[in-house]
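Structures for review follow.
Presented sequentially are two complexes of subunit A, the first with subunit B as partner and the second with subunit C.
And then the complex of A and B:
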């Protein structure tokens, strides 16, 4: 038999099996439980996908297993939640962050001049080290006496529900300007020093043309403008955001979580992962360690408590909407889906997962960047030989993966308890999803995630119905993994090695 | 080496030493590539020819020595910077991107928007087959088609120098002929540094040669001198390779 026909036959058989299983479940469970269980399975699957998508992209291109992905998922939830309930923290940190990145972005401007500087090799060695050290010292001085706990502290207030009517109840005060003014300034200086060191003054083999200086100046100038702006609005903006319509506030917190994840991912890749590509085993240890560090820092800032994020008004009004239009008009908390009452926010989570899948598909198939990623999965050296800066692509993909995890985090925020360990379970599920779907395949991650979600949901259903142990739901994940790996060791959409 | 002016050389490799891991692969390779012609690197398997090409590009950066391209020292620069100076690379084993279609493989090689549209006519004139296969994914191509795509990919941007590694490897004789014609036509537009095991092909294409043996460049000169130098060929390239004279003699005796 021809391999193509064989493949078609296999697909046909498996879709028959799939349809049979679904029909069997439908007939066994009856209409209403079936739909309810399916919907909650889709919700879980959507969350799994948001974690697994980043993992599989990162693993596919760079062979990096990111064990800090769950921690980054959790960070996304915390950042989004902070913007939603207490934006002071984010707006208090923003000027320092922007000032620092302004300094670093000056690299491309000063580098062409610095590498043409005639200095002896002794100075070439010494200057970057001295600059890094000085940058560190200045950074420490800048944050000396900085009461970050005061800025972040929402613990006691957030736990109560009596403040629900007053959006300003949980806001903490911005620090006074006298204590604040020198910090962005020092961090700008520190960033400039890092830029000086990383552009390797005097090193002849570095490469940076002197042309197009004007276009290189655009980014630092824009960032500098944003720094000034963020200093000006740092006290008024949190109040303004809190008085805003809750739905828009939620949109902003999603954007903040994505932006934070992207930035954080980029920084982690450049500073921690890039030096370790040659020793890939160390990356596993490093990311594992990083996840502990992140969790402990979050515990330090927000205490080891579980917070409940208030749902945005669109999902919060009591009552049941009969259809989509009625939900959008009234903002009901539940909706009628084929006779089943289902929380509207969970529908939103499913939508978020699907939107993300469409976004990744478009990115991978329609854009030049997607072409570069697909080519880089096979042979990064050859991509580099075509004249493409593969290191930068690596950074971008890592940052994108972390941004997707952060989006998953804030997406889960309103219906999961927000706590330091909230990402762990999803990271494990994410890894299993990646294995089931085939390492590096985003379509596989999508299918695998929904398979696992369904397994979970129906496991719960059967446990309840047949009075089995609820552990059957947890076990379903592993059972599915074993079945898939026995039949297709490379994963559903994986390629044979 | 003094028979031509230095400024005529587009690429000068000056005594480079390259390590892969802890292995000292190149122990002093010097090659000159004059502008506007084909230069070939000859040598046995594992002599370091491929590593020489990779050292030029910076994929395996040389630890010592100089690489001068178009009057500019490029050793130690990152590979994408080197490539962007105008060096195209056709790797051995036809490393085309299997997950990408033919069109995407070609578009990926663009350094500026519109590179491909500008040179598409020339590429399809050299390799008419590719036009027919335009939308197929790379893993559906035959070996010869993949090799053509690998060469075509290096032609998308306007390169000043092409590094071509074993273009005839594993090809059917009729395809070798087609590839040779294509490379000959290319050499009128650009300079080529070729690595080739097929001595007949190399001897017909190249103007100059450099022999690399055990990580060192041991001999160079004009190809027309080499084809008649039986001793040199036997010493460095193996006894199985026949000079043109021997081939002709065999041909006559068989008659």
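And then the complex of A and C:
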């Protein structure tokens, strides 16, 4: 038999098996439980996909197993929730973050000059280390005495008391400008030192052309402008956001979570992961440590408690909508889907996952960047040999992956308890998804995520029916993974090595 | 006629030349409770002496666990994230048998030699045999998955298996046996090794356990089998071409690591008289990982040093930084991974000559100045 025909036959057989399983479940469970379980499976699958998409892209392109992905998912939820209830925190921290990233982004500008610097190999070794150390010290000095805890704590008050009547009741004061001005400045300096260290002064084997300096300057200048802007609007913006309609506030918090994830991912890639590409084994350990640090940091800021984010008004009105139009008009909390009452917010999560998949597909297949990424998954050395700056693509993909995880986090925010450990189990399921779907394949992640979500939902259903605990269903996802791996060790959509 | 053998046997004491520092440390540790007793005046089994004995017991057990993990990732180059399954498996096997089987057995039967009652000894022996069996089985299970999978897939599968184990331990379905979330507490332990009544005994047992495990692992690593395991880490294809079966040697590494981890888990369960889900969780694996990285991967002394540092740090950081001390620790860990990837011992071994040379230079400079 021809290989294509064999492949087609296999696809046919497997889809037949799939249809059979679905039909069997439908007949066994009955119409209503079947639809309900399917919908919750889709919700779970959508969340899994948001975690797994970043993981699979990052792994496919640069062979990095990111163990901090769950922590970044959690961080996205926290950031979105903070903007939704306590924007003072975000706007108080924003100048510092932006100033630091402005400094780091200067790397591409100063690197061409620094690597042409004539210094002995002793200094080549010493200077970056000294610069890193100095950057750390300056960073600590910049935050010394900055009352972050007080900024973060406001949210806890806001979460316990209802702010429905007066949204501005809980708003806290920012540090006065007279005390604040030197902090962004010092962080800019710290970022510049990191840029200095990571551009490897004096190393002749590094390559960076001296041309196109103007275009390289664009990003740092834009970031610098944003820093100035964020310092100016530091005190007025939180008020404006809190007075806004809840739906728009939620949209903004989604955007903030994505932007934060992107920026954070870029910073992590440049400062922590890039120096370790030569020792890839240690990247895993580093990301493990990073997830540890992020979780502890979050617990330091917001205490190890579980918070409940208020649902935006579009999903908050008690009552059941008969159809989509009625939901959009009334903002009901539940909707009727084929005779089953289902929370509207979960429908939104499913939609979010599908939109993200479409976005990734478009990015990967229709743009030049996507072409480079796909080529990089195949053979990074060859792409570099063709004259493309692979390092920058790496940074972009890592940042994109983290941004997607953060989007997943804020998407999960309104219906999961927001707590430091919320990322862990999603990371685990994300890993399983990636393994099932095949490393490096976003289509695989999509299919795997929904397969796994369905598996989980029906597992829970059967566990309930057979009076077992849901823990058994959770453990059973591992069994799905092992079965897939035994049949196809490279995953469903993975390529054989 | 007499031929001189190629390898002359060293005199007994010279054979320990490499380990003289460790021997001194062993002697110090052996004397520690008694010296502490003399200094503080509190009895051997109470006060500060008892407290520090407890800290050292945890250190000994965790050192063995970290060493067994190093056997996997340091020597075998196998990145397994489910090592806590062996540790917890050992602990749970011990606790389950001691909780549900041993009291029954001891209540029903008495085994006597003359007038000496050895029932408890026999029970302990059987339980430990079961622990060994279970930990070997867990090792086999993990290594069975490595036949088809490699690299990242394998790491994730071990993580998933470890998590599955953790979930099963926590599952409420088996509440009457495992105690679900709370775990098993107040496990029956014979009086003579009960850590609250006879802490000195368990202190000495775990100290000897550490030393024996260290010597056995050192022998194993330096044996031909150990060499093949290390070579497997460097280049698997080449080993296969030479004619070794990588799967077999990976299995050996896995089973032996799991064996030591299981024993350490059982001992930890004696020390706590409990078995909790935390022992099976990823946190335990990560702890062993941190200890190994801290001390230096691919060395056996490294994990011991790492465990010592970790134990000390967790004591002092708690008083310095409060409940959020792991934050400081995590930052330290990242810095070590970034700048000292071979750990303390590994870096020392690499830079030993440089450091010694620099030291001698300094001494020479100082002495010259005195001459002038």
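By our rule, the second predicted complex is superposed on the first by the 404 of 497 C-alpha atoms of A that agree within 3 Å, B and C clash if a C-alpha of one lies under 4 Å from a C-alpha of the other, contacts with A are read in each partner's own complex, and residues count from 1 in each chain.
We take it that a residue touches a chain if its C-beta (ideal position, glycine included) is under 8 Å from a C-beta of that chain, and two chains touch if they have at least 3 such contacts.
Everything quoted here is computed from the prediction, not taken from an experiment.
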Practice task
Check subunit A with both subunit B and subunit C modelled on it and let me know: fit or clash.
Solution key: fit
Exercise for the section: On the superposed three-chain arrangement, identify whether subunit B or subunit C touches more subunit A residues. Expected result: C
Exercise for the section: Look at A:377 in the shared chain and tell me whether it touches subunit B only, subunit C only, both, or neither; answer first, second, both or neither. Expected result: first
Completion exercise
Rounded to the nearest 10 degrees, the Cα-centre angle subunit B-subunit A-subunit C in the superposed arrangement comes to 90
Practice task
Return first, second, both or neither, reflecting whether A:281 touches subunit B, subunit C, both chains, or no partner chain.
Solution key: second
Exercise for the section: Could you look at A:289 and tell me whether it touches subunit B, subunit C, both or neither (first, second, both, neither)? Expected result: second
Problem - First, second, both or neither for A:6, with subunit B first and subunit C second - result: neither
Exercise for the section: Taking the superposition as given, tell me the minimum C-alpha spacing from subunit B to subunit C, whole angstrom. Expected result: 14
Handout entry: Footprint of subunit C on subunit A - complex, ascending
Key = 59, 63, 65, 129, 272, 275-276, 279, 281-282, 284-286, 288-290, 292-293, 296-297, 299-300, 428, 431-432, 434-435, 439, 468-469, 471-472, 474-475, 477-478, 481-482, 485-486, 489
Practice task
Using the touch definition up top, name the residues of subunit C that touch subunit A in the complex.
Solution key: 79, 145, 148-149, 152-153, 155-157, 159-161, 163-164, 167-168, 170-173, 286, 289, 293, 324, 326-327, 330-331, 333-334, 337-339, 341
Practice task
Give every residue of subunit B touching subunit A within the complex, in rising order.
Solution key: 57, 59, 73, 75-81, 83-84, 89, 91, 95, 97-100, 104-105, 107-109, 111, 153, 157
Problem - Footprint of subunit B on subunit A - complex, ascending - result: 204-207, 368, 371-372, 374-375, 377-379, 381-391
